[in-house]
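Just below sit the structures, each encoded as structure tokens.
Here chain A shows up in two complexes: once beside chain B, once beside chain C.
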Partner chain A sequence: MTYTTAIFYFFAAILVFAGLRVITSRNPVHAALHLVLAFFTAAALWMLLEAEFLAIVLVLVYVGAVMVLFLFVVMMLDINLDRLREGFWDYLPLAGFVAVLLMIEMILILGGRHFGLEIMGTPAPHPADYSNTRELGRLLYTDYVYAFELAAVILLVAIVAAIALTMRRRKDSKYIDPAEQVRVKRNDRLRIVKMPAVKKPETGKGEGA
Partner chain B sequence: MESMGMDWATVQTVVWTLIKILAIVVPLMLGVAYLTYAERKVIGYMQVRIGPNRVGFKGLLQPIADGLKLLMKEIIIPSGANKGLFILGPILAIAPALAAWAVIPFTDTLVLANVDAGLLYVMAITSMGVYGVIVAGWASNSKYAFLGAMRSAAQIVSYEIAMGFALVGVLMAAQSLNLIDIVRGQTGGFWQWYFIPLFPLFLVYLIAGVAETNRAPFDVAEGESEIVAGFHVEYSGMAFAVFFLAEYANMILIAALTTLMFLGGWLSPLPFLPDGILWWLLKTGFVLFLFLWFRATFPRYRYDQIMRLGWKVFIPITIVWIVVVGAMMQTPLGHLFH
Partner chain C sequence: MSLTSFVPALPEIFVLTMVSLILLIDAAVGEKRRYIAYGLSLLTLIGAALLTLRDFSSMPVLALGGLFIDDPLSDVLKLFLYLATAAVLVYARDYLRQRGLYRGEFFVLALFALLGMMVMVSASHFLTLYLGLELLALSLYAMVALQRDSSVATEAAMKYFVLGALASGMLLYGMSMVYGVTGSLSLGGVAQNLADGTDLRIPLVFGIVFIVAGLAFKLGAVPFHMWVPDVYHGAPTAMTLFIGSVPKIAAFAFVVRILGQGLESQVTEWRDMLVILAVLSMALGNFAAIAQSNLKRMFAYSTISHMGFMLLGILAGSQNGYSGAMFYVIVYALMTLGGFGMILLLSRAGFEADRLEDFKGLNRRNPWLAFVMLLLMFSMAGIPPTVGFYAKLSVLQAVVEIGYVWLAVAAVVFSLVGAFYYLRIVKLMYFEAPADTEPVAVAPDTRLLMSANGLAVLALGILPQPLMAVCVHAIGASF
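Let's turn to the complex of A and B:
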């Protein structure tokens, strides 16, 4: 067993364990944190495949942003797992069927004649100065530029739609416009009132009176 | 059996790497200790007091005394806390703060790992730091800690976007993600450093860096005046000290990154002076001084103003400037931008 193989099995074991804990953990926060661990170890496995850009982006996007927001929501909600598990046995046959179907598909692809280890072989290792990021960028912005731009536009539409659907501006809520605050002049807020003295101060009688 | 030679070479590499890691982490921890001293002194003088001056000559042993005190204090785990995660919190905070240093170059040869996508690696690793805060806040089972964690999560995620866009400008100018190449792109005097063509991005990065490390005036995650101490209110002794170490290590990291990406790293400001690690230290020290200066000068931001600044000011500025840089690079003036 080579060094890389040993590392692969080490990370693979952690990944499988984390994946299992995601679905068996009784505490939703623990489940989300195990999902973070699963993403992180998956990134390590991608690193072994020399896909360092994808690995780093997986950590940056999924671990650094998506899962943070996910945890945010999970921590705020009071999720009752026992209620969620009601009807487990009713759904088991359907879920089992889907699981078996997925298994068959994976076996057909991964174990088949077309994608087996004998056919695909090990990709040639790249020299140290090979930049995975640069190659990926070149492909994305030349050969696949239409697909890439389309995906970006679809995401943008989804963002706009999500904001449009959830944005409710309450009429009675007070909010501050900083630009307006900065422009405030003394005369807008302050009024100096001159009042004539009602009674003429009496002279010569001590000052504290 | 022939793999035995290989194994011995591997062992040697591992041991040698461990020695290098120690050579980075030990000075870093000393730097953290004396940054706390510098902070108290600098802010002290800015507020016309003298700061610590009792332990050792001019108070120079103060950070050691503080460290020893924290080491010997009891770590109290609240009875309602989630024990495992409560202990995991500080670890998750400090691990990314240290791991990011793996790719930081000190000179063009002095670096632990010269990674091709070094900039991306730093971004990915530092984005993990928020878990320490969130996990600590949640596991403490206290409403103040939880409020601090929530604030911190929203704030860090928001400012990371502006920070990432600022870095996009840098990598467009340098045409590389490698930190050594980025510094090499700034060779030839201080007028070649990226802070001039990328000035708006430099400002955004610096300010977002302050927000990212939860430092004043963006320290609402701690917010002593409203939520006591925020996410680490339940922590005591060394567990608290680890959060402290992580915050200061992150500060030094952001200062070092600003130095590398905008201020020419180890390059000397004038071409006839020799380059060297001394310049790196001076520039990083200067950025750290700015951090302390901010803290002594500005009052804490209100939370909605923080969000406004991040989303409505910084992100538009960075996007506009990226377009400007991209367009300028296609014109005859392009050489100014790289």
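Let's turn to the complex of A and C:
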């Protein structure tokens, strides 16, 4: 066993353990933290595959941004775990059967017989000064610029959709727009109306205005 | 890559620029001048049509690093996409206005969806096919959910979103298997690799199964149809009109590009899968539609059966089959626009004309609209001299040519079953007393468009040759 193989098994074992804990731990915060661990070890595995850029981006984006947000959400929501676990044992036989079936199928198809090293071959290692960040950047902005722009358009649609679906002005909101407040004129606040007198003022009594 | 290499994608670039402009302008001018967004959207469609016509290609041209293909098939289909989208905007206008849905986002999302469909139609790479599909799907989910106060619409959007994501996952999984086998993501590369033969038969078939399942989900073919009736029923009718008509044209291109161009050499593998999908769709679609009392649900099941019919043309795997299916899907879009458009026309503020009894005695309330609806229903049922008959005939011819006579017979039998519920609407319109006595108030331009829509169904039925020639030419020059 070479040094890298040993490292691979080390990280793979942590990854599997973290993945299992994500779905088995009773505390949602623990589950989220184990997901962070899973992302982190997955990044280490990518590093072994010489995909340095992807590994760092995974840590920065998923661990640094997505999971932090996720943790906030998990901590703010009051999740009732017992309700989520309702019916778990009822569904287990069927779900387990389907899962095992899927796993057997995938092992049959994806195993070494079809996609093993003998058939696919080992990719040639790159020299130490090879930068896959530059390569990725070059590809994204030349050959795949069309796909890259399309992905950007999809993100724009996501923004438009999110705003269209969630932004609404509540009628009972007491919010005041400062700009409107500044622009206000005397006439907007005070209205002087002239009304003909309909009733003769009663003299002598102190009531009425 | 020089600047001239962007020229084939000019319509897409134009549409994207205009959507961004409409997004900004509409936010600036506000609710009072919404007609600006409406007018600009129609202008965008006209401009894109002119650009497409200007660069109408006579042979396939690969561009943008092989991700984009400009061929007669994509140009013809794009023109129909513009036309159908414009019809949706006109039909939907009054309906949306009465329901407080006449918002800038509607136009923006509809045009983004159109852009996604344009990308799908002229994709020559798994990556662009998928990105176009996601662009379309994401816009459609948001459009369905746009009516926030309706719990039915929200539920429909949720179902659509979850099942759509599942279908995308299956499609991607299948694509990744095909990539693993062929080592190429471009359709041309895949076709070339497979033509040389491969040792990895089992993973390839495994991948094709997932791709076909994903495609069937998106088309709404049985047994992947569960979302169609709920989404069609739950979405606001204007959105149903859009979902039901325009994306089907793009879906046809999507299926033909993947199966017909990329996996052409594996026709024996996917043909049997499509046969099962087609027969089940036609059977379940037509029988389940009989039991519906809601017109939107009925049309949803009729869509399922029509998609089964379109698959018949594709499974033939021949040029005749593809051009027949192309003719069918264009005609289908035309009929669906008319059908859902009629529901929109008869609806008014606070009233949805989406039940069967709302069409009772339409002949006495408005004879002309009743006649147009009669033409549309005859066409959907496939009764001559309307175009629906010719569409079904051209697909059936292709099926008989490859020796699947039993399949053609089954298709005819299921269409006969389907004729029942289309003709039931005709009976309700002409032989029953109206339950609803409100006069039908329709804007002049909408009325004109509906008349043109109905008469086109008749005119194309009498003279199908020009459209058929266009389809045959587009398929012939692109394959």
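The rule is simple: the second predicted complex is superposed on the first by the 153 of 209 C-alpha atoms of A that agree within 3 Å, B and C clash if a C-alpha of one lies under 4 Å from a C-alpha of the other, contacts with A are read in each partner's own complex, and residues count from 1 in each chain.
Simple rule for what comes next: a contact is a pair of C-beta atoms (placed from the backbone, for glycine too) under 8 Å apart; a residue touches a chain by one contact, two chains touch by 3 or more.
Values in this document were obtained by computation on a predicted structure and should not be read as measured data.
> Looking at the overlay, does A:L35 come into contact with chain B only (first), chain C only (second), both, or neither?
Touch partners of A:L35: none, neither chain B nor chain C.
> Is A:F53 touching anything from chain B or chain C once the two structures are fitted on A? First, second, both or neither.
first
> Thinking of the overlay built on chain A, is A:V153 touched by chain B (first), by chain C (second), by both, or by neither?
second
> Looking at the overlay, what does A:D143 touch: chain B (first), chain C (second), both, or neither?
second
> Which of the two partners, first being chain B and second being chain C, lies in contact with A:A44: first, second, both, or neither?
Once the two structures are laid over each other on A, A:A44 reaches no partner at all.
> Figure out whether A:P178 sits in contact with chain B (first) or chain C (second), or with both, or with neither.
first
> Report for A:L71: first if it touches chain B alone, second if chain C alone, otherwise both or neither.
first
> Which holds for A:L15: it touches chain B only (first), chain C only (second), both, or neither?
It touches nothing on chain B or chain C.
> According to the stated criteria, A:I109 is in contact with first (chain B), second (chain C), both, or neither; which is it?
Once the two structures are laid over each other on A, A:I109 reaches chain C alone.
> Which chain A residues come up in both lists, the one for chain B and the one for chain C?
none
> Touching residues of chain A toward chain C in the complex: what are they?
Those residues of chain A that touch chain C are 108-110, 114-115, 119, 142-147, 150-151, 153-154, 156-158, 160-161, 163-165, 168.
> Which stretch or stretches of chain B touch chain A in the complex?
Per the touch definition, chain B meets chain A at residues 10, 85, 115-117, 120-121, 123-125, 127-128, 130-131, 134-135, 138, 146, 149-150, 153-154, 156-157, 160, 177, 304-305, 308.
> Which residues of chain A touch chain B in the complex?
3, 29-30, 33, 36, 52-53, 56-57, 59-60, 63-65, 68-69, 71-72, 75-76, 129, 131-133, 176, 178
> Along chain C, where are the residues that touch chain A in the complex?
It is residues 1, 9, 16, 20, 23, 64-68, 103, 105, 108-109, 112, 115, 119, 125, 127-128, 131-132, 134-135, 138-139, 141-142, 145-146, 148, 177, 180, 199-200, 202-203, 206 of chain C that touch chain A.
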